[in-house]
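For reference, the structure I am asking about is given below.
As written, the chain order gives the labels A, B and C, with residue 1 at the start of each chain.
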Amino acid sequence: MRKQSKAPIVHISKRSALPWYGAWAIRGAAILLALVVCAFVTTALTGEDPIGVYKTMFAGAFGTKRKAWILGQNLAILLCVSLAVTPAFKMRFWNIGGEGQVLIGGLATAACMILLGDKIPNWLLIVIMILASIAAGAIWGAIPAICKAKWNTNETLFTLMMNYVATQLVAFFVIVWEVPKGAGKIGIINQTTQAGWLPQIGSYKYLLNILVVAVLTILMYFYLSRSKQGYEIAVVGESERTARYVGINVGRVIVRTMLISGGICGLAGLLLVGGTDHTITTTIAGGRGFTAVMVAWLAKFNPLVMVFTSFLLVFLSRGASEISTIYGLNHSFGDILTGIILFFIIGSEFFISYRLSFLKHTKKEG
Amino acid sequence: MFDFVSFFPRAVMQGIPLLLGATGETLTEKSGNLNLGIPGIMYVGGICGVIGAFFYEQTGNMNGFLAVAIPVLCCLIGSLFMGLLYCFLTVNLRANQNVTGLAMTTFGVGFGNFFGGSLIKLTGSEVPSIALSATSAYFSRSLPFADKLGVFGKLFCSYGFLAYAAILIALVSSYVLKRTRVGLQLRAVGESPATADAAGIDIARYKYIATCVGSMIAGLGGLYYVMDYACGVWSNDAFGDRGWLAIALVIFTIWRPNVGILASILFGGLYILYLFIPTGTNLAVKELYKMLPYIVTILVLVLSSMRNKRDNQPPESLGVPYFREDR
Amino acid sequence: MENKTAAVQMRDITKRFGTVLANDRVWLDIYKGEILALLGENGSGKTTLMNMLSGIYFPDEGQIFINGEEAVIRSPRDAFGYGIGMIHQHFKLVDVLTAAENIVLGLKEPGRLNMDEVAKKVKAICDTYGFEVDPYQKIYNMSVSQKQTVEIVKVLYRGADILILDEPTAVLTPQETEKLFAVLRNMRDAGKAIVIITHKMHEVEELSDRVAILRHGQFVGDMLTKMTNAQEMTNMMVGRPVTLNIERPDPVDPKPRVEVKNLTVRDMEGTLKLEDVSFTINSGEILGIAGISGCGQKELLESIAGLQPVESGSICYVEDDGTREELVGKDPLSIADMGVCLSFVPEDRLGMGRVGSMDLTDTMMRRSFRMGKSFFTDRKNPRLLAEKVVKDLDVVTPGVSTPVRRLSGGNVQKVLVGREIASAPSVLLTAYAVRGLDINASYTINDLINQQKKSGVAVVKVGEDRDRLVELCDRILVLCGGKVSGIVEGRGASKPDVGMMMTRLGGKKNA
């Protein structure tokens, strides 16, 4: 008896190339499969049929005009944070500190509104708010970048810790500025005078944010693919040594890119605090700094594709929250569905870059 | 007046979940897997234990052994499942470890909060909230002679069995990593999988085992938090960012679980220091004190990178998937 | 040959990587008590074939017999089981572990792990064959030859009786090579089967009993070493008669272009890498830099290119009209701003690690992308340049938007050298320009470099193959341990002398 089973049966090899439509077909199939699984999970927990589940989710996302606007707003902010982290990821700087950079940008905005509101003309206040929020985010992003450039400090953990420092800083100021004393929250800032509130376009509360982010998306697309700085980022991401050989100052590119990355996060904070919420809490970023990592990665760092990936994630969370409300379930339900979909997409990448082939075994006779 | 005798036990109790999380993550990282899903896994571990205990308490008559064994078992199964999922994605499908980890954390935290919030409704039971005080009593039972030993007893003998288990696990992990054949091979896998592979070590198997065992240990951290520290009361998001701190602790201890025992107590102490420092009526300053553990982590991170000593670096191929025929 | 017993028989072994056929129905026999040299150009499939014996790859088709029994080698562990041990070109050692820890890695010995016992056994092996290894030393503190010794001890510790060495002498000094050969002969006499992969003819002739030759993945033939000669073996490797001679035109009007004086360089850890190095690079001339690897060649080139901080000394660029510019303390950008056109094809030429996802056009831009005032990059000219290089240098590629990663090593090198030359440099620095290339591609590259020399460019060529340098260069600077051990004329230089200078023996203390 010959032991044939010892030889490997499945052989894995790298694909030489897959046309783009092939790659997207695989991703599409993965998402579809994930949606089916999600439907079953939801059915198991709520007892409704899978199609009904998705009807409910659609209603939750687009059901009313208001819901559609909220979807647009959430999409814009998530996309904004994703755009922010993308240049950093392209140069392989794992910035998972988007959360903290958004918070600190929001804090700077709130500080301007509280301290300067009604003391200076409104237009000047808004200009200062814009500058302050971007600067705050940029500084928050640059601190880990400087250490990375100088001592190669692990940026993943550094940016992560900076999130919590930002959270505590916000918590500190929330108590300092709390209204009324002992409430533990700030409440709507400048409720009567609306000083420092970003202007509303017509009667659409969220339109400004959406427009700003749309412009930003296009700018980022060209910045990354066409500008010299974008090219430098790509070279650094590819190989730091190569970058040095062609005379790129790697440290400077890292710091500069993180200034941009943090600055855009700060801008997201401005849009949240000055544009829509008009208050600040420690949870204002809502985990978007982490979700953004996945949005950017799923889109392969292409800003235009990121519109779709962030839409997918926002749609899921809005839809799932509708299901939770209707069936009296906990709102974290959306996270579970998001997780499931992510697992499928992450897994599908394998089939894009590798090929499985099944080996035939030559049976030996005699 | 700083009350050390009441401060220290609380610091330890804060530190134990961190210690378990960090020990689990250290084992995982030694195999070259950077598992950022640890925070999620700790949630899953905690809630699975809660679910197990919840159903057991519903039966009415409780027996000490089962009251402990059922939650522990559920917790281990839940976190094992998360570990397997992570391994399947990163080892078999070679997915990006950072993204996989973050997705697992999203999923795990969502899973914990969802069942924490919906368990009662889903099972249609009559209890008002999840407060597993009966089970918790078994978990937090201190050593029998603790009361008789005065201050010493309060400082060292007043903890539940999981706390001692955590310290034991850390010591054993250290021993295994440093002194045994398995530990040696595991370190090689994390440093240079190609080398380990050429030496005939089954890379996938080591990564799977290290990551799954690591996940289970981390899951126990979540269980300890609910059952012992929080007296059996599950409240959503209460576990907070401890999972991330555990990952930071791994770097803080330069991948040494035995150092982790003291470091986790130090971190636990920093975590609750604000409760013990008299600030009068100024509540805001307390929020600044809460920053301490993170600031300390950052400082350690920067200082260790400045020293740049070869032996204190992370496993060399941490975060890099391995494919034998990559060329 | 009749009385020898076959240790390994490989039959019809085929292995593909994607669309590339790395091994095509190869037959190979390896005998006990014999040293077999496996010969072939780069990319002919030598290493792939041996990797299938050591369990790194699994053959797509074919069979392997060990001692007459069919064997299925699925993993390195299976290979050890059959007594096969391979010493790879890139050492498979874990840097942060000690020698002894590396040696026992992967072994399933019964009982507890006792490092002191292991150390004792290691010492015993060392004593038998005359090695020197400190079992408790960490690998990252070791020299290359010490690391190689650890590799060999590791294989012996496992009781291997079929040893495969992949280009073992590439990193060794001649003395270390001698020592290694002596050990290998000892082992052969002890009845072990030994395979050495190499492309150095003189080593084949000196060491091996038999040669087997591969070409384009196919087995071409084998013969007893004493029955053949270098010319015949080379012809079989290449598949047609080749002249081993390389053209060397006389320099035209050489003038000093770069003057290096008393250059001293330390690396980041403070180790002295270059000490008091002085020499001149002339225009219209090829200056070869010889030395065993890691003797400061890299630091020397990088200092000139402005990539390496210099501790003391000066590097002066001399213009045709005699104006001098100091290069020390400037980065590549400011050197270019001064109007000095330095081109550098570095050692790590792919410089692309795992990705290399940039296409030819983007690769062309690497040096020139800053040109112009615009915030945006110009992609039109690089595209034209890429098309021109592809056409002029016969680069085999589907198009200019193909990622560089997909090209073969020779084609990548053509693209990079083409790019550097396109910037019309006055100084061209190359490191290991033809390493890993087949004979045809090497010829093209060497020809390109010669053309540059003829047009008056000052060329610096770092190489590890002493013989090539002696044949190609006008002058050769020999480095040893960061010091200049001599500068010799290329024409009429004695190869053994240069070899001695590389190891300081016979070289003058101060040149």
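Details
The rule we apply is simple: a contact is a pair of C-beta atoms (placed from the backbone, for glycine too) under 8 Å apart; a residue touches a chain by one contact, two chains touch by 3 or more.
Everything numeric in this text was worked out from a predicted model, so none of it was measured.
Between the chains A-B lie more C-beta contact pairs than between any other two chains.
Averaging C-alpha coordinates per chain and comparing to chain B, the farthest chain turns out to be C.
Chain A and chain C have Cα centroids separated by 44 Å. With centres defined as mean CA coordinates, chain B is found 26 Å away from chain A. As a whole-number value, the distance joining the C-alpha centres of chain B and chain C reads 47 Å. Listed for chain B are residues 325-326, each touching two or more other chains.
Counting partner chains per residue, chain C shows two or more touched chains at residues 17.
Under the contact definition stated at the top, the residues of chain A that touch 2 or more other chains are 13-14. Taken together, the chain B residues at the contact with chain C in this complex read 179-181, 184-185, 187-188, 191-192, 194-202, 310-311, 313, 316, 324-327.
For chain A in complex with chain C, the residues that touch the partner chain are 3, 6-8, 11, 13-17, 222, 226-232, 234-235, 237-239, 241-242, 244-247, 249, 359, 362, 364.
Touching chain A in their complex are the following residues of chain C: 17-19, 58, 60-61, 63, 70, 72, 74, 305-307, 331-333, 336, 344, 346, 348, 351-353, 355-358, 362, 365-367, 369-370, 374-377, 406.
By the touch criterion stated above, chain B contacts chain A in their complex at residues 34, 36, 85, 88-89, 92-96, 98-100, 102-118, 121-122, 236, 241, 244, 247-248, 251, 283-285, 287-288, 290-291, 294-295, 297-298, 301-302, 305-306, 308, 314, 323, 325-326.
Those residues of chain C whose C-beta lies close enough to touch chain B in the complex are 17, 54-57, 75-80, 86, 88, 92-97, 101, 104-109, 112-113, 138, 140, 354.
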